[in-house]
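The structures come next, written out as structure tokens.
Shared between the two complexes below is chain A, which pairs with chain B and chain C, respectively.
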Partner chain A sequence: MLDFAIYCLTIVAVWSVLGLSLNIQFGLTGLVNFGQILPFGLGAYAAALAAQAGMPWPAGAALGLAFAVVVSLLVLLPARRLSQDYWALITLGAGELFRLTALNAPALGGADGLTVPRFADPHLALACALALMAAAWFMAHRIARSPFGRMLKVLREDEVLAATLGRNPVTYQRTVSIIGWAMAAAAGVLYAHIVGYVSPSSFTVTETFIVWTALILGGPGSTLGVVIGAAAVQLLSVSSRFVAGWIDLPADVLANGRLALFGLVLVLMFLFRPQGLIPETKEVRDAERH
Partner chain B sequence: MTDVLILSNLTAGYGPVTVLDDLSLTLRAGEVVAVLGANGSGKSTVLKTAMGLTKVRSGSITLAGRDVTRLPAHGRASAGLGYVPQTRNVFADMSVADNLRMGAYLRPRTFEQEVEKVFALFPRLKERRRALAGNLSGGERRMLAIGSTLLLNPSVLLLDEPSSDLAPATVDLVFEAIADVHKRLAIPILLVEQNVTKALTLANRVCVLVRGREALDAPVAEVDTHDLHALFLDGGVRTS
Partner chain C sequence: MKKILSLAFCSALALAAVQGPARAADPIEIGVIANLTGSAVKTSVQMTRGVELAADAINAAGGIDGRPVKLIVEDSENRAQEALNAANKLYNVDKVPAAIMFGGSGLMIPVAELAKEKGRVLVNTSSSSPKLGNYPGTLFSILPLDDIVGKELGLLMADSGAKTAAIVVPNSTFGLGVAEAAAAAFEAKGGKIVKKVAFTEGQPDYRADIQPVVPAKPDVIITAGYGDDSRAMLKAARELGLTAKWYAAYPSILEIENKDFLDGKLFGVDNGGYSQPAGKAVADKYGAKFNGTADLMAHVYYGYDALMVVAAAIKKAGSAEPAAIAKALPDVVKAYDGATGKIAWDARGQRIAPPIDVIEYKAGDFVTTATRN
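Presenting the complex of A and B:
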């Protein structure tokens, strides 16, 4: 039971990093990324490929980060000229392209996926996940409080007005996307070493929407909110297995029921608490003070 | 007088919709040109096109001798175009002082001196500098929008309907402030306005648009208000 609790905490920490990576893009900047599972998957597959090639895990991690940065630049290249509505479509399409490629490329293991060496000690896995979460939290918090972060919020409020006052929105959006994608890739590398296995079924659109559920539940723009949202969603997901055991539900009904529950959570949040459980604090800076 | 901003044979619009049709307009140094026209005639689109917020199909935009037709909006701001939109012209969640700081983004080091110049033009903004921009009155908000844009140190001011949604007394205040800005800074202004009477008090020259085409371009002294009515009411088709 203790091992299970440690596993749950580890997964919550990994998903918190994924949530934080989406938060700096959407919560802070207003960029709708429906393919956030793509950098997570890139990180996981990079870890797997490096392991298959007999390389140590830091090589996999470096590869994962490099993949995420390069692919984010490629994906966001066409998004530069398009409005943010298209941004959502492009990222959604890119995520699916990656999943379908992984499904059909023998080098990536196809539907069977690839195995990855697991952490020998679950405590070490938890420590790594918590350390990564702390680093991501620190980074997200620093970004939100920096002049760069304030500019991201300004772009979120009114991109056109910011441009007419001399800002180049694309520069800011590209920078924050690269940071967000790299953060998600780091989470992906860790995830691969925790579960010991990567396959295309772990990186579907559904997973992206689970991250979105965590973000909207916790509070877009709120660092603490996103971590609480990720914990709630993952613990809800894990505990539903016990419920299924008690009332003897078939696995497919359980899986779909869980998604329906997340959908219900989203609808209720939009209706009654769109700012999330822990709303973003809006600070009015006093320019006289600095 | 030197030509500062030249819109030359511009055809532009949004997506597949063409709004401006072969429009040419010149703003000279020290001038205030009022762009007038009925609703939907394309007045605001003239300013948006000058600022790079529409799709230009043909024609060119020259600012102080430099072709800016292909520059994005932020590049035109750096080149010297100061655009004050009709709506959504301040960051409502930020303080007045921070909104002004946003305008000074391109020259942050001189902010403290420059902001005093803006406060001299709009003393009310100094009193309200700690207030949230979203809590300002309509007139104060308009002044803040103009003040933030002035901090860009623009060579041309593009004002989109500064009188809209304001009480008549406030309109007078805002127009006095604009006249003051023009007088003190000697900055040429391209002014889009629905309030014809007010626009004529400020402008040297009038350009009337009918369905995206220029129907009249003349000095204010030569404009007959009956002609303006005809242009507004029957779309420029003279019946007599």
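Presenting the complex of A and C:
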């Protein structure tokens, strides 16, 4: 049981980092990234490729971060002159492009995937995941509280307003993307070493929307909220397996019921608490008085 | 957040406390992991039903040394992450010694990594990736390796007098594995591959993928696949006016889109066990439990055999410890005559030399025209 708890916590921590990364992109800046799985996949594949080439894990980690930064700039290139709706389409497409490339390129293992050295000790995996989550949390928190973060919120609410204040929206979006994608890539590197294997089927659009679910559930813009959202999504999925075990119905009916229940909880949440579990707090400052 | 987490753990621990130490009449719990939601559901449900039929048969005969078999079925949602969640629950919480799994290599390999770390048994009923050979003593395959079935398919094509062939397969380990082995055997007999198409699964229409095959005018087409993808693939071929004969690995798992289009033009090789008495008996049990055999697919037999060999290994070892099961498995399969015929494993626990049936599709039925091995 303890092993299972350790595993669940590890997974929650990894997905929290993905959620925190999406939060600074969407929650703070309003960038609709429907390809959030892309930097995660880049990190995982970099770790796998480095391992295949006989390089130590830090090389894979460095490679993963570098990939993510370069690709984020590439994806940003066509997106920077377009509005947010197009940003969603471009990132969605980029994520699928990556998955299909990995599926069809023999050098990337194709459908068979690549094997990665696993953490020998689950405790170490948990410690690394928690450390990464703490680092991501700290960074996200600092960004949210800084003048930079406040300008991101201005950008989210009104790009024109930000421009009238003499700020270039593109510069801000680029910085946020680089930070967010590097964070997700770090999570990907870690994930590859936890699972011990990467394949294209792990990086589908579905996974992107699970991160989105965590973000919307927890409360976009709230650092604590997104971590709680990620924990809720993962733990709900796991705990419903135990509930299913108590009910005597055909396995396929139960499996569908489990997913339906998951969907129902989400719908009820969005109906009765659309601002998320931990809504973003509005900062009220009176500039005249200070 | 602390409150929520500690609550979650308390409830989880309470769950664990309910389970006590094993007694003689306690059921032996065996895990099943399958894509019960998501894509490729039908095949997974069929495999699960096969395992259930085996559990029914074992329990009706008084269980294994008096202990009944209890199945714990978990959904993988056809996602690697959920397959891992399911496997972690089965191996860490339910403490099953062995799990039977249906899923592609993308799901099977991470679970095999976990099973290896935990020292448990994983029985593969669906994936044929060569990478599965890397887990000897952990992973055992009931499904034969693709290269054997593919080779028989290639020889069958050459025997038919065909000179040129095109490949139309899904871009998956299964599709490519069959295609490569069939093409190699066909070319060794003097045949020529004139076009190769590996389509990405999950699309509604494959006309654009299959179009290049038409001008190549092959005598025969090598194919493999199942589910909606195979239906869409055959529909596109029919609409494009392809007249070549089709040679498929496991033709009975294809979804026939139009009976007339394929009548007398679809051939293939399949595992030869199903048509033998043991296989027929399983089909009868299936019909009795699930209202007829109209939807019966070959996966039922693989699921059935998977649990049967695990049960035989537990009985022989006199213990449900995973190490004892892994040790006994290669011995018990030698004497086992199952729904998928005799099982022979290589040193890695991968199935070799299955009995082969040569199949022809005639008037809406798959007819066995010859048997090999």
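What we mean here is this: the second predicted complex is superposed on the first by the 254 of 290 C-alpha atoms of A that agree within 3 Å, B and C clash if a C-alpha of one lies under 4 Å from a C-alpha of the other, contacts with A are read in each partner's own complex, and residues count from 1 in each chain.
One rule holds in what follows: contacts are C-beta pairs under 8 Å (C-beta built on N, C-alpha and C of every residue); 3 or more make two chains touch, one makes a residue touch a chain.
Here the structure is a predicted model, which means the values were calculated and not measured.
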Partner chain(s) touched by A:Leu224 [first = chain B, second = chain C, both, neither]: second
Touching partner for A:Val154 - first (chain B), second (chain C), both, neither: first
Contacts of A:Ala131 with chain B and chain C, given as first, second, both or neither: neither
Touch count on chain A, higher of chain B and chain C: C
Touching partner for A:Ala53 - first (chain B), second (chain C), both, neither: neither
Contacts of A:Thr164 with chain B and chain C, given as first, second, both or neither: first
Shared contact residues on chain A - chain B and chain C: none
Residue numbers on chain A that touch chain C, as the complex places them: 1, 3-5, 7-8, 11, 100, 103-104, 110-113, 115, 118, 195-197, 199-202, 204, 206-207, 224, 227-228, 231-232, 235, 237-239, 241-242, 245, 251-252, 254-256, 258-259
Residues on chain A engaged by chain B in the complex (per definition of touch): 153-154, 157-158, 160-169, 282, 284-288
Chain B - residues contacting chain A, complex: 51, 53, 72-75, 77-78, 83, 85, 88-95, 97-98, 100-103, 105-106, 129-130, 132, 148-149, 152
Interfacial residue positions of chain C with respect to chain A in the complex: 1, 4-5, 8-9, 11-13, 15-16, 32, 34, 36-37, 41, 45, 48, 72-75, 77-82, 84-86, 88-89, 92-93, 104-107, 109-110, 113, 117, 129-131, 134, 171-173, 176, 200
